[in-house]
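In what follows, chain A forms one complex with chain B and a second complex with chain C.
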Partner chain A sequence: MKEKIEKIIIQTLQELNDELERSELENPTSKTKLFSRDGALDSLALVTFLADLEDRLSEEFDTEITLANAQAMSQRFSPFKNVESLSLYIQGLLDG
Partner chain B sequence: MAKNILITGTRKGIGQALAKAYLAEGHNVIGCSRKEASLTHVNYTHFVLDISDEKAVLQMFRQIKKFFNKLDVLINNAGIAAMNHSLTTTCESVNALFSTNVLGTFLFSREAAKMMMRQKNGRIVNYTSVASAISLEGEAVYAASKSAVESLTKTMAKELGSLGITVNAIGPTPVATDLIKSVPKDKIQALIDHQAIKRMGEFKDIKQVVDFFIDEKSNFITGQIIYLGGIVK
Partner chain C sequence: MERGRVQTMLESKLQFIPLNQLSYEQHAQLLNIRNLKSIRDMMSDAKEIGLNEHLAWADKYGCNTKQCYYALKNTDQIIGGINCTDIIASECSWGIYIKPNIEVGLASFATYLFLKHLFEKKEMELIWAKVRRINPKTLRFNESFGFTCKREDEEFYYLELTKEAWQERSNSRLFQTLMKRYKNTTYQFMENS
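And now, the complex of A and B:
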């Protein structure tokens, strides 16, 4: 499941990068930094990315999912740090 | 060009009248209420849900994305009122008022904005009340819930401005609908006495302001609250 989630994240990032045109998002991997001090996304891009990702995850897993919830925002280590941390976080949400 | 317009609380009152009017103008209207639809039209789609139920709201937006792909306008019309002195207001009443008026408005605005941000264009219209503007005694919690809506309107306008989404609010004067049917006549008159133009509001007064907010040419108007009847905050 982790691989499937990671693949969805990477596809979503690549599609978003058609607009953003950031070199670090051309070929994202599990280590690609997202929303951190030297991450590829600013807050506006993060909002767009999360909205796109919620849509795609809802379709793929046939469930309603909200990524930017209080749990995520209050975690000491942000799940939005990189692709790997995000996919682990999503897996946790889907596992309930 | 036909717009996709989402209106909450379309089973009766202003919401139903707005839905009928925009359908007559050739737009697609998506409506919702706690109960089954009260109107049928080839371009009308109805959802039955509690607007403060996050899961139900997410499911509804998933369907909207699937069938309509884009959303041009959200009118957060659904709301409940309660005439009550603060000292006799129950916790249940506070919860109900804030759930529908604030949480419902917030959830729909959040999900609509996620759709609108992709097209870099969208209009959100919220409903406040003159009860908030004049701190109407006997409506403490209702007025507080509408003050929260005004605050949401102004702050979301700032947060969504760069995404091409405008957020404004209308503050209607009393209009003869179910919302105020149990309010005593002297209370309604006291409200009207605060207005510069002393009469009850009508549906056309509300639609005039909503039309203005959702007009494509109103793309530089956001974070604004317009009260009908000349109420000055």
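And now, the complex of A and C:
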């Protein structure tokens, strides 16, 4: 399941990058930094990315999933640090 | 793909309060944020600020024809500050600081409202930003709002956003998603007393 989630995250990032045009997001991998000090996403881009990803995951896994909740978005150890940490976070939510 | 099927919407209240309208307790909250290391490190002067120094600063930097400083209050707590300075005719520079571990989209929402306020209510035509090179996150943040880098030196990037560029960007997917997410959040710009 982890590989499937990562693939969805990467596709969503690439789609968003049509608008953002950031070089770090041209070929994202599991190690791509997202929302960290030198990550590719700022808070405005993160909000859009998570909304897109919520939609895509809900379609793929046929269940509603909320990533952009206040708790996750203000956690000291953010799940949005990189693709891998986000993937693990999503897997945890889906495993419920 | 159907958009916006799941997207979370947050309910809260965001207030922009001129410094001269803050209570003593709110000043203390704002000072704590100004003194956070992560924020001090990005300022031109990184030394810790004392309470008297902060209150003198707040007295000096209210809202007038040259500048406007607001504290940002979300529901019941001060979460940061936002300002426009160096107002000359229809140009100004802007800045924001938000305490860490706050709901991450709030900084974007406050910024969107503030820039909109500057262009539409204050009739600005051009807004500048000066971003330290050691702060790439803030550079990206400004770029997402449409700022472009006009020049750079060893320490800073110098960015600008024209009213025209802002208007062109106002229908961007980034802004639309932000507005949808904060559809249930009310906001208020309080007037200078």
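Going forward, the second predicted complex is superposed on the first by the 90 of 96 C-alpha atoms of A that agree within 3 Å, B and C clash if a C-alpha of one lies under 4 Å from a C-alpha of the other, contacts with A are read in each partner's own complex, and residues count from 1 in each chain.
In the analysis below, a contact is a pair of C-beta atoms (placed from the backbone, for glycine too) under 8 Å apart; a residue touches a chain by one contact, two chains touch by 3 or more.
Remember, it's a predicted structure, so these values are computed and weren't measured experimentally.
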With chain A superposed, do chain B and chain C clash or fit? clash
Using the touch definition from the top, say if A:47 reaches chain B (first), chain C (second), both or neither. both
If you stack the two complexes on chain A, which partner ends up touching A:58: first (chain B), second (chain C), both, or neither? both
Between chain B (first) and chain C (second), which, if any, makes contact with A:39: first, second, both or neither? second
Specify the partner with more touching residues on chain A, choosing between chain B and chain C. C
Counting only touches as set out at the top, which of chain B and chain C does A:20 meet: first, second, both, neither? second
Clash with chain C (superposed arrangement) - responsible stretch of chain B out of 115-123, 133-141 or 205-213: 115-123
On chain A, which stretch or stretches are contacted by chain B in one complex as well as by chain C in the other? 44, 47-48, 51-52, 54-55, 58, 64, 66
Interfacial residue positions of chain C with respect to chain A in the complex: 1-8, 10, 101-105, 107-108, 111-112, 136-137, 140-141, 143-145, 172-174, 177-178, 180-181
Within their complex, state which residues of chain A touch chain C. 19-20, 22, 35, 37-48, 51-52, 54-56, 58-59, 64-66, 68-70, 73-76
In the complex, chain B residues that touch chain A: 54-55, 58-59, 62, 65, 114, 117-118, 162-163
Applying the document's contact rule, which stretches of chain A touch chain B when the two form their complex? 44, 47-48, 51-52, 54-55, 58, 64, 66
